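First the structure, which I've put down as structure tokens, then a few questions once you've had a look.
When the chains are written out, they are named A, B, C, D and E in that same order, and each has its own residue count from 1.
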């Protein structure tokens, strides 16, 4: 056993990595198209972005899959499991108390996934019904907030695929999650559809250990460079099939 | 010779106590006690878990386990009788079932059952049915072999006595074999109830609403809000509240029935018999 | 009387076969076969899993289980000797350890170990150490009681014979007791290896990199890409590849050692003894 | 149910054969037991005595031959063997009392479930038979609380409660401590005096000599010698009978074993 | 290690007491066995014979009294009991061969590990002793492959391989089939003839009468009678000895049991 945070020093930048020569990225699979498996690789929008950071640091990126709650609570950083977390993760105040975020890199909002022709057009159609959410996500928080008002039951799933499958099996009548992933799912499974978006104005950020300012600076710098150079747009188009509306 | 054996034994025993003391001391000095208390015995967090950890989580764990056990016992009895049947296809079906479900992790079964089967068969169960099926299917595989072994452990003489009094095969089964087998299998069955209680920690995978949380899910949920091991410790103690008394019961029953040992897969490995 | 008992038995047996046929027919008609094939036996999906399901997932499952078993066996032996120790505090520690870790779900232990302990003690382990500790800690609780029971099952006469030949207590333990206990506990130990293999399905909770996936995690990952039960079935069969032979081995060893039964918690409930 | 033909012969065994796989245990046995007669079967271990007895109530399925009990041919494939067995009491070496039932229920369960007697009637009959074997006060005890001798007497009472026409005894005293043998033999002697038809496998030569009307000596799957008790035991004709009796009656003068 | 005092007395037991909890099993035993002497201990079951023997090599810890073997006081708290035990061979009723070792290793393991003999030397001594008990050809067999009589002879050879000064036998033939008893007694007789000091608990009166120099009769935790074999067995003085011997020597004329 080694003491926490005795990784290698990246000369000059003051960045300490938990494993030498590697940029270990925590995420929670699968979160298509941000990070998911294709063949025997993990790919996705987030993966490509972090690769830019890794390239900049002259190391290779390694993806580490861990329960989502252990990312948002900061456990993965405190126990030295990874350097940063890119997990389609929305920046919010609660999480900011546990971890530090990069500048926002993606605009998202919450959306409602249902079975096709279910007649469920919004939360108002869900009285007495079951709504699936993913553990420790903004969607869960949002669904919980509105549960009393609209009289539905919130059902929590460990990961996105389980939640999405539950919509198809009918275990839940609808599910709330980020729009990006739900549209992607509905495209792949035409028996489901996204019937509503909730304008929550979420912004994704890359997470890291609280107080790791050196790394934050580097990530912000890389993100800014990518946006300026058009590299960001290329990556966006690769995964979403269109150019971003705003940056 | 400096020390006699007896003296050496005394010294050895003293050394053991000393070792214990040294280890305790090292642990005491090495560990960060403030951190440990925060991590393990945070009373605020513990207090915040009550009463829900009991009224919701513990209750649900009990309900789920009971449902799974009841269904598993019924299915297990059917499987046991199938395995003892003179009709070969019944034996094959029972054997394949038991081998398969004993050989794969419960988590895999739960995933398959709650997500695969509804898709494949266009069926939809409510939460209680799903839990009952999931835990029951896993439990039945344990229990089938126990029940079969229990039935076979009923002395042959008891059956011969019943038959020679004119009882039919079915009547003998109902009047003599099952009642006696039941007393034999009560201890291992209690034990399988413990295993099932622990397996109920996996049903979070099927997706649970807040008021359906069982202990482990409840603990994880609290853990993600307050990063301390206290929630884990609290729900761990709740499990012991169930499993320790059951363990005592099992051992008491076994002593009472004279500790007649039957060969069950729990004690002898996966039951593979044709 | 229309039918003799013997005729009735024949009719009864016929009815059983008929029932079987009817059930098979109903299932065949009720199920959507296209969907079932897609759901369970999608060859494309199955093919896409190879060779990684073997070279990565199965291999990792084996490695993790082996690591956990090795550490668990060592710790279990220490605990067993502590439980048989003449020094009371050692017995207490061993008893509390065994009771606790047998009474709570493995999942809870894994969560506590992978996130709680590093936080509390400021330690950081690599993945293999974590897996070894997690599975080993759970496995040791199973194995300690097995080993203790095995040691106690060595006939007293063997020990007396050794002592009366002038062997010291330690020498007797090493030369006579442990070798004989080992043969007695080999079958239940094999069985605990099976339990550990299945428990390894839970280590995804500690967080894994892609090349560290074990079978269940690998299956879930594939499942999320292609919602069909095929991945579950494929990894299920991979588990059977490990557990079925071990089950056979356990039963073979037990037959060979004459089926001497020892009282272990697996067969008798949670080991509660002071 | 069974068509009872009034005849003087209670048990008629003709050409009985029984094999366990390749092992031929009974090679053609003819035995006839008349109503009220006591027949003792003696012979060395493994000679097939138990197998013969167990064939008589079809606990073992004969490989060949015919068994007729009270005019009912048990070996007929269409025979209602369960009904026939109620008329044939069987007492085992190992007692085989139902261990989960108390003494009274051991005696009433088959009466109620098989003969469909009313609970009160079954209880009355049970108590009468317990009295016959001298154990009326043990009605409430569990089998495990009784001595071997008491258990065997309860087993006899249990068989008698079905009102059997024939009683089969398979070494009823072999599993007993020597001092408990007398009680059981006493009960059996009393039964014989009351006119019960009995087929008894035993090593108790004294009992056979005094109680049996006929003694069969079996060896190697055959009935080697058969006749009056005094003759077969007192003055055996066959060499094998002689050497067997010598060994049983005078064990201390036994020659060296192999 | 042990300070060997040259003396004519091999075993000297004085005022030996042993209790199991409240149960007083030995209430003050004095026994003295001289070098080369064969002493037989007889007595009814439960009289403490085994306990006495097991106290002699401290398998049971005496509650009181003194035990001196070859001048070494075993009851001295500072005695190296493991070393002393190598000089005291013990043969058990249940043989207690190490079931995981073959015959040869049974004989060599303690020689090598305790006496630190070289493997070749240990093997040579083992084979010589196997020959003494007539089982040289069984060196490679596992205990489970041997008959009870052969196992017991191996157990004797195992004890002899340690070159003991005294041999203790606790009913060495009680667990044997009658026809196997002779072989074991033969080996013991031969040992006695060779001048081995022996303390033997036995029920074999014939052996005691012919081989023992002295016979002790124990009952109720006391040595009730002690003397030459011919006297104690042939003409016992005490009432209890008489009635014990009557029962053992003439079991058929035994009175009724309680």
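By definition in this document, a contact is a pair of C-beta atoms (placed from the backbone, for glycine too) under 8 Å apart; a residue touches a chain by one contact, two chains touch by 3 or more.
For clarity, every value in this text was computed on a predicted model and none was experimentally measured.
The interface carrying the most C-beta pairs in contact is the one between chains B-C.
Ranking all chains by how far their C-alpha centres lie from the centre of subunit E, first place goes to A. Per-chain CA centroids place subunit A at a distance of 36 Å from subunit C. Centre to centre, using the average C-alpha position, subunit A and subunit D are separated by 82 Å.
Separating the CA-averaged centres of subunit C and subunit D is a span of 51 Å. Shown for subunit B are the residues in touch with two or more other chains, namely 5, 115, 119, 168, 220, 223, 227.
Contact of a single residue of subunit E with at least two other chains is seen at positions 82.
Shared contact sites, meaning residues of subunit A that touch two or more other chains, fall at 70, 75, 78, 165, 168. Within the complex, the subunit A residues that touch subunit B are 69-70, 72-75, 78, 98, 130, 132, 135-136, 153-158, 162-163, 165-166, 168-172. Contact residues of subunit B toward subunit A in the complex are 114-115, 118-119, 124, 130, 204-210, 212, 220, 223-225, 227. Residues of subunit E that touch subunit C in their complex: 57, 59, 82-86, 88-90, 92, 94, 96-100, 109-110, 113-115, 155, 158-159, 162. Chain contact summary for the complex, subunit C toward subunit B: residues 5, 13, 16-17, 20, 31-32, 35-36, 39-40, 85-87, 89-90, 99-100, 102-108, 111-112, 115-117, 119-122, 168, 187-188, 190-191, 194, 198-202, 216, 219-220, 223, 227-229, 232-233, 235-236, 239-240, 243-244, 246-251, 254, 259, 261, 263-272. The part of subunit C that touches subunit E in the complex is made up of residues 155, 157-158, 160-168, 171, 175-176, 179-180, 183.
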